[in-house]
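Chain IDs A, B, C, D and E follow the sequence of writing; residue 1 opens each chain.
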Amino acid sequence: MDFGFKISPSSAINLDNVDTVKFEQLHDMEPDVYKCMACGSCTSTCPANRFSGMSMRKVILALQRGKEKDVVSMMRNCMLCGKCTMVCPRGINTRHLILSICRIYREDGK
Amino acid sequence: MGKLYDELLKDYRAKEGLKTCINCGTCTAICPAAEFYRYDPRKVMDIVQSRDEDEIEKLLKSDFIWYCGECMSCVTRCPRRNGPGLVIMALRNLSARLGYFTCSEKGRQLYPLTRILTGNILNYGYCVYPDTFKWEDHKESGPVWKWHLEHIEDTMARVGANFKGEGPGVLRKIPRESLDELKSIFDVTGGTERIETVEKFSRAKAGEMGMDMDDYFRETFEHASQGHLNSDGD
Amino acid sequence: MIYQGKQKIWADYQKEIPDDHWFYVRSCIRQNFFPGAEKMFLEICRGLLKKDFYETEHHTTCGGIAYHCDTIPQETVMTIVARQFALMTEAGYENYVASCITSFGNYIEILETWKEFPELEAKIRELLWKACKREFNKPKYVAHASDLIYKYRNEIAARAKFRLVNRHTGEPLRAVEHIGCHYAKMFPSRSIGGAEYPYVLSGMIEAWGGNVIDYPERRHCCGYGFRQYHVKANRGYSISNTYKKFESMEPYHPDFILTNCPGCPYFMDRWQYVIAETEGKTYGENGYGIPVLTYEELASLVLGYDPWDIGLQLHQVAVEPLLDKLGIEYDPSAKYKGLNRKDIMRPELPGVLRCC
Amino acid sequence: MKENIVIIGGGIAGLEAAGQLLGLGYKPIIIEKSDRLGGHVADWNCLFPDMTPAKDVVGRLIAGATEANIFLNTEISFVNKLKDSYNIMLSNGISIITKIILVTTGFSVFDASKKEEYGYGVYDQVITNRDLEHWFNTGNDRRIDDCGMNAVGFVHCVGSRDEKAKNPQCSKVCCITAVKQAIELKQKFPETMVYCFYMDLRMFGKKYEDFYIGAQRDYGIRFIRGRVSEVSENIDGRVIVKAEDTLSGKPVKVTLDLLVLMAGMVCNPDSTKVANMISLPIDSDGFLKSRDNVADIIDSPKDGIFYAGACTGPKTVPETLAEARAAALKIHLYNKTMQ
Amino acid sequence: MRERFLTGYNDFVLPFVFGMLFVLTYCLIGMIRLIMQLPAKDRKRFFLSLITPKILFKDIKDIFLKCLIHVDLWKRNKLLGYMHSSIAFGWFMIILVGHIEVFLYTSNLGIKALYYPIFFRYFVAETESTMKGSLIFFLMDFFLLVILSGIALAIIKRVRSRFFGMRRTTNPSFLDLVGLYSLWAIFPLRLLAESFTADISGGSFLTKSLNYVFTEFLSNHANMLPAWWAYSCALGIFFCVLPFTRYMHIPTEILLIPLRNAGIRIVNARKGLAKAQVYSCPSCGLCIDACPMGVMKSNIKDTTVYLNRQIRRNNEARIEEISDKCLLCAKCTAICPVGVEGDKLRIAQRSMRRYNFGPDYSNIDTSVLSEQCNKFVTNQNKNVSLTDSKRVLYFSGCMTALTPAIRKATESLLGKAGIEYEIMDRDGGICCGRPMFMAGRFDQAEQMVRKNTEIILGSGADTLLLSCPICYKIFREQYELPGITIIHHTELFGDLVSSGRLKVRKDDTKYVFHDPCELGRGCGIYEQPRQALSAAGDLVEAAKNRKESICCGGSLGSLTLSFEKRKAMTENALTNLTAASPDTIVTACPLCLNTFGRYADRPVEDIAQVLDRKTN
């Protein structure tokens, strides 16, 4: 029976269900990924931010929250220019991190 | 007219609800709307407290402020004694007054809501009344409700209601003089003016959308675009 | 769960409730959907317990739903409420009891706002005079009807014909309570038991022999959301919230749900029907739903009233499995009859949800 | 030097001040309500940033103060103001006349059960920072599964920065304590996922930031910026925590085997009691009011009465000790001018 | 001439013959495969070059100068140069003269031609006719001596490389050692063998003299046979191991030179030119000292010489590590005696990486970006406004956004010089593509190049001005911007200063100029910045400068070097720059400015800042 509306899935991030296998793989390659303190310097300096909403801070966060699809769409316009690496106060090598993400994760977010 | 923020702060609900937000997110964490809509009450608070006129105007014209269910769960938990739910009410009030509500799909729903609810109050003295609670518009009310409506004299009598009767009791007929008093209250407190404002802006919007008011009613009452709920577009 | 910990908190939220002489105002939604509940409230309080409850036909809606649907300004709702207070004052009462949680929250909120902004109260008095030529005293005490049933819970228990015990197993029934959001969330101190572990319904269940189950989403809103239900386009929000609650309570296998809010039993009852029809999922045993009762209905049942006299036939979810557990005798053929067993047909049966 | 100096409170501030005063040739009197010295620090296991064992610190302080007159299990019954001195009547019947009082009554740990939504005292698996330290010390707590746990959470700012809890102040040390405890827990249970729910991380002290970086990089502790809104218990008795992941703007929930509440420092009711007896003012944050919060934090507005430590606000151990030393010196100079 | 043995054969030639045949076959097959691996276009180009006299002449000249004389090494260090050329040239001469000798006196060699010239002295006896060849005898002994002196130096170098201007040398592999020792053994053994027979077959000052010494002890000529066997064996072993050692560079370089002269570039990371380069690496280790990463010992194994070795071994894990770590400063390329392009080789390796997804810029609407910088285009008809002066479009670049002082100074100078300009990326733009290119993701870089090209061509400018050498390099190399001059601000300001359009006040500040990798080695700009700086103050030079300038350590080239690990490199670069105690370090790259600024003990400025401060 169609009532004209339906149940919507929750937007809440359930950390119990987040698959961390790939993130652990990433962490093995990029131990510094844990060092992000979400200051947002990378986002504010990113030239791709205005085009695809790229934000390294959000990328790191989204990966830990199992939102891989968001990551791929944010990274769509990353130019690998290295500004985020330059400004990161925690010295995270974000450029290599980006390349590693491109190697580990897949476009369909799987 | 003054600046939007100042205008907003004239509302007692904003006065009560907006102190200083520290962006801790306690409100969003338990917000039923944040869980299913693309909505974050913390951001609403942050925008309002930023006093950024452009952002506040955008907010007033957006769907964002219409997602709240006014359950007030946020009020319980805020460590700074804010009431995001109250601020939302003030924002909606302002949006309705200024006619900004017609700029968003969820805002435009104010038209059917006003027609149904104020109609019920002024005609019957109830917010919800069987004569206007049609099964066709509320299929979820189930076959029981359909049956109940079809035999309402009997079902009401069976449980001892005073349906449309004189004197006190369940769903009694509210005396004419009381309804007149309600109308008078609406007239002096701005209730009538609000109904007219909503009507006026909705009429303009309906014209813009090329609809007559009945179509506009159905459209705003029934239509939900993609992108509001979290499930949309994923 | 540490019960003593909850008791400690309950001790901090006990309010004094006058025993008698109340001015009673009704709930819009309950009159529509659970007309028997309000009838039973007065029946129990007046008829059984011999308390003084006054009702006037001149009272109206408090306007709370319209207000929370943002269709009327704050001044309008305040003046409507002021008129209700004027009716109380004119009738010579000081204790005001509301049948509706939205109203209850509305009254409390208005009184608190007036306390904080006395100029607003003065303005409303002026407006009321202008509109209706009435004056009012603020009630000395505002209660919700469930507060009173809570208060009388032991008296009711003493007269009870049934206890909330499964007749077949002898085990106490597992009850889930759901408190209307506006009962305690805005002003926890005006409630019984506070906002986090409200005691008003738990107290009844305990007093009548049942077991209260605490489940993770107990505090979550039923999903009414005012405009999120009244506008058809938004009802996905409403059902999603209820669904979340049912998913959370499912592992505890509750025997029934007790509510104190007008909307909540309607939504928790009807959304079970919609979930069953759209998702094919039912939460009760054997394809039934979980019966959702109001506190008056439950009180009436334990007091031995006939289930069809109190209007349980107007629930979509069948209450019969609960009645069987309680050992309450009922006449299945009388369920959908009118007065004097007048045949008025019966509702269609839903496709998935099992009903009687 | 016959002058009586009364130190109210035998925590680390009282002990350190007593030790210093002994060194200056005084014979201070310590009045301690409980049956042992060392105050809250004695309940702790290790202290940041160098993980110094708390018992070493307390042990050294006690050793340095043994020469003082120490009254344990003693409370102040009342205080009479004489012309230029105070007559202090103790619960053990002794009365002391003194011109100099040092208030080192310290703080109380916020009663976490007051934050009802976190369910301390209601849910089995919710403990406080203090409970955790107790477990570090004794290894004895049925709530902590020695076989390891799946996930543990820390909630910062419990009863701090919270107007509803009537304590809008930052409790200063909880951030670093949470990070410290998270690391210690992770050292014991390396497989456990540890989450910290914070509003701001206030890593102001020496080497605190290193601690924080280490917690992230070396221990993989997950920091979630969002205040926990509600805790509930699931059918297995584990707790479900709800917060907003404010950095992604989405509600977040997680099921935990243990939730540690970082209960903050609030003013010790005993401080208030003492303050009432000697008519000392209370500051707007609920702690004792100093003559000046910048230049004269250890001076009360009354001559001859001094403060040291957390009775005037949340303090770290080194800050408390520094104040105690400063107070001892101030008392010494005050005594000289009196003569 | 008289043959001592009628057969003209002895078994001892077999090791040599076998080795020789093996190595010749190996090299021939290798060469054919390599040439076949070239893209068809390149292959055609290569063959064409071989019949183009000018290029052919250059090939021959280069092979002679580089392979035999090792001119590059002479320039670097005389001793090192002599060592290499003595062995290479000496051996070449011995082979040449030996063959001349054989062909002068013998005919109808047949199969014997394979070994006869090598072991000539064993098979022939001295006669009247051979006596006429005393010049040849002398030459043979002379070159042998030359070689022996080279070998002696080589042995010393193994112990004390510092004498040869090298701080560090490579760690030879086992086969390298076998090759090395057999090579070292060849010539002393030849001396020994020829000396034994010098009284019969003749000889000159070296062999004859030694023969006298030997005959004192050993009169039986039968004793000479083991010496000849040993000589042949040493040769045989050397040739057999040659393909598997660094000595493979000897034949490969002969191929590499014509390939390079034909203008072929690295396309495939492992095939064609890349392969030729890898095998041309003589493992001399010059790149080790050149590498700026070398300040940290752990990085020594990540230099180009080791990259080549790992590529030859197909050690993928190490190849990835080495190629990703490199700063791409290209200094190894600049100093490599055989012309291995360490930077390009690494970028090629990076391009082999497989990614699951990659950026895509098709969604970026360039028209929005164009609108921000189309001041030279008149609105109505989209025509370029015609003004006489330069229409400069200034692309400051991503990195300059982090050093706004450069942009501010540049704008100010442009204003002072009265040049009409427009900024292309005032609110950020699209990256030039060079960093992406350096990561080996060519397609993505190409997309960015196209997007920027659209914007630039639509801007109506005639000059594209750049502040960042990283951008500058890719704009010069990959962009096709017809009618638009691409210049770096050092060039522009250098010209403006020389032409007097910018009047710079000179004072006695001592400046040192740091040549940014991409500007100097990358684009060959060395003079203009120095000219401009000389006008502003006293220009001193760094210990290593220009082509050998040391990378600041901040380069985007490296993908893996962490922030902390770069510090030592920056400090080393700073020590080099401050050798002459300058007051101010001047650079012309935002990245260098940023990096040096972090650790320098004295002011670091961009050249634009210096000039701006000193002009009115």
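As a convention for this text, a contact is a pair of C-beta atoms (placed from the backbone, for glycine too) under 8 Å apart; a residue touches a chain by one contact, two chains touch by 3 or more.
These figures come from a predicted structure and were not determined experimentally.
*Asks:* Within the chain touch network, how many edges lie on the shortest path between subunit C and subunit D?
*Replies:* The fewest steps needed to get from subunit C to subunit D is 1.
*Asks:* Would you kindly say which chain has the C-alpha centre located farthest from the C-alpha centre of subunit D?
*Replies:* For subunit D, the chain whose C-alpha mean is farthest off is E.
*Asks:* Starting from the Cα centroid of subunit A, hunt down the chain whose centroid lies farthest away.
*Replies:* Chain centre farthest from subunit A's centre: C.
*Asks:* Counting only C-beta pairs in contact, which pair of chains has the most of them?
*Replies:* B-C
*Asks:* Quick one: most central chain, C-alpha centroids?
*Replies:* Central chain is A.
*Asks:* Taking each chain's centre as its mean C-alpha position, how far apart are subunit B and subunit C in Å?
*Replies:* Here subunit B and subunit C have centroids separated by 22 Å.
*Asks:* Any idea how many Å lie between the Cα centroids of subunit A and subunit E?
*Replies:* 40
*Asks:* Just the number, please: Cα centre separation of subunit D and subunit E in whole Å.
*Replies:* Centre separation, subunit D to subunit E: 66 Å.
*Asks:* Taking the mean of the C-alpha atoms as each chain's centre, how many Å separate subunit B from subunit D?
*Replies:* Distance between chain centres, rounded to whole Å: 48 Å.
*Asks:* Where in subunit C do residues touch two or more of the other chains?
*Replies:* In subunit C, the residues touching two or more other chains are 195-196, 219, 232-237, 239-240, 244, 274.
*Asks:* Pull out every residue in subunit D that's touching 2 or more other chains.
*Replies:* In subunit D, residues 117, 225, 230, 242, 245, 250-252 touch at least two other chains, as defined above.
*Asks:* At least two partner chains per residue is the criterion; list those residues in subunit E.
*Replies:* none
*Asks:* Using the contact rule from the top, write out all pairs of chains that touch.
*Replies:* Touch list across chains, by label: A-B, A-C, A-D, A-E, B-C, B-D, C-D.
*Asks:* Where on subunit C does subunit D make contact in their complex?
*Replies:* 1-2, 4-6, 8-9, 194-197, 214-219, 251-252
*Asks:* Would you pull the subunit C residues touching subunit A in the complex into a rising list?
*Replies:* Interface residues on subunit C, with respect to subunit A: 232-237, 239-240, 243-244, 274-275, 277-279, 351.
*Asks:* Can you list the subunit E residues touching subunit A in their complex?
*Replies:* Residue list for subunit E touching subunit A: 324, 353-361, 363-364, 398-399, 401-402, 427-431, 433, 435-436, 439, 441, 444, 448, 554, 556, 559-564, 591, 594.
*Asks:* Mind listing the subunit A positions that touch subunit B in their complex?
*Replies:* Spelled out, the residues of subunit A in touch with subunit B are 1, 3-5, 8-12.
*Asks:* Please output the residues of subunit B touching subunit D within their complex, sorted ascending.
*Replies:* Going through subunit B, the ones touching subunit D are 22-31, 34-35, 40, 42-43, 76-81.
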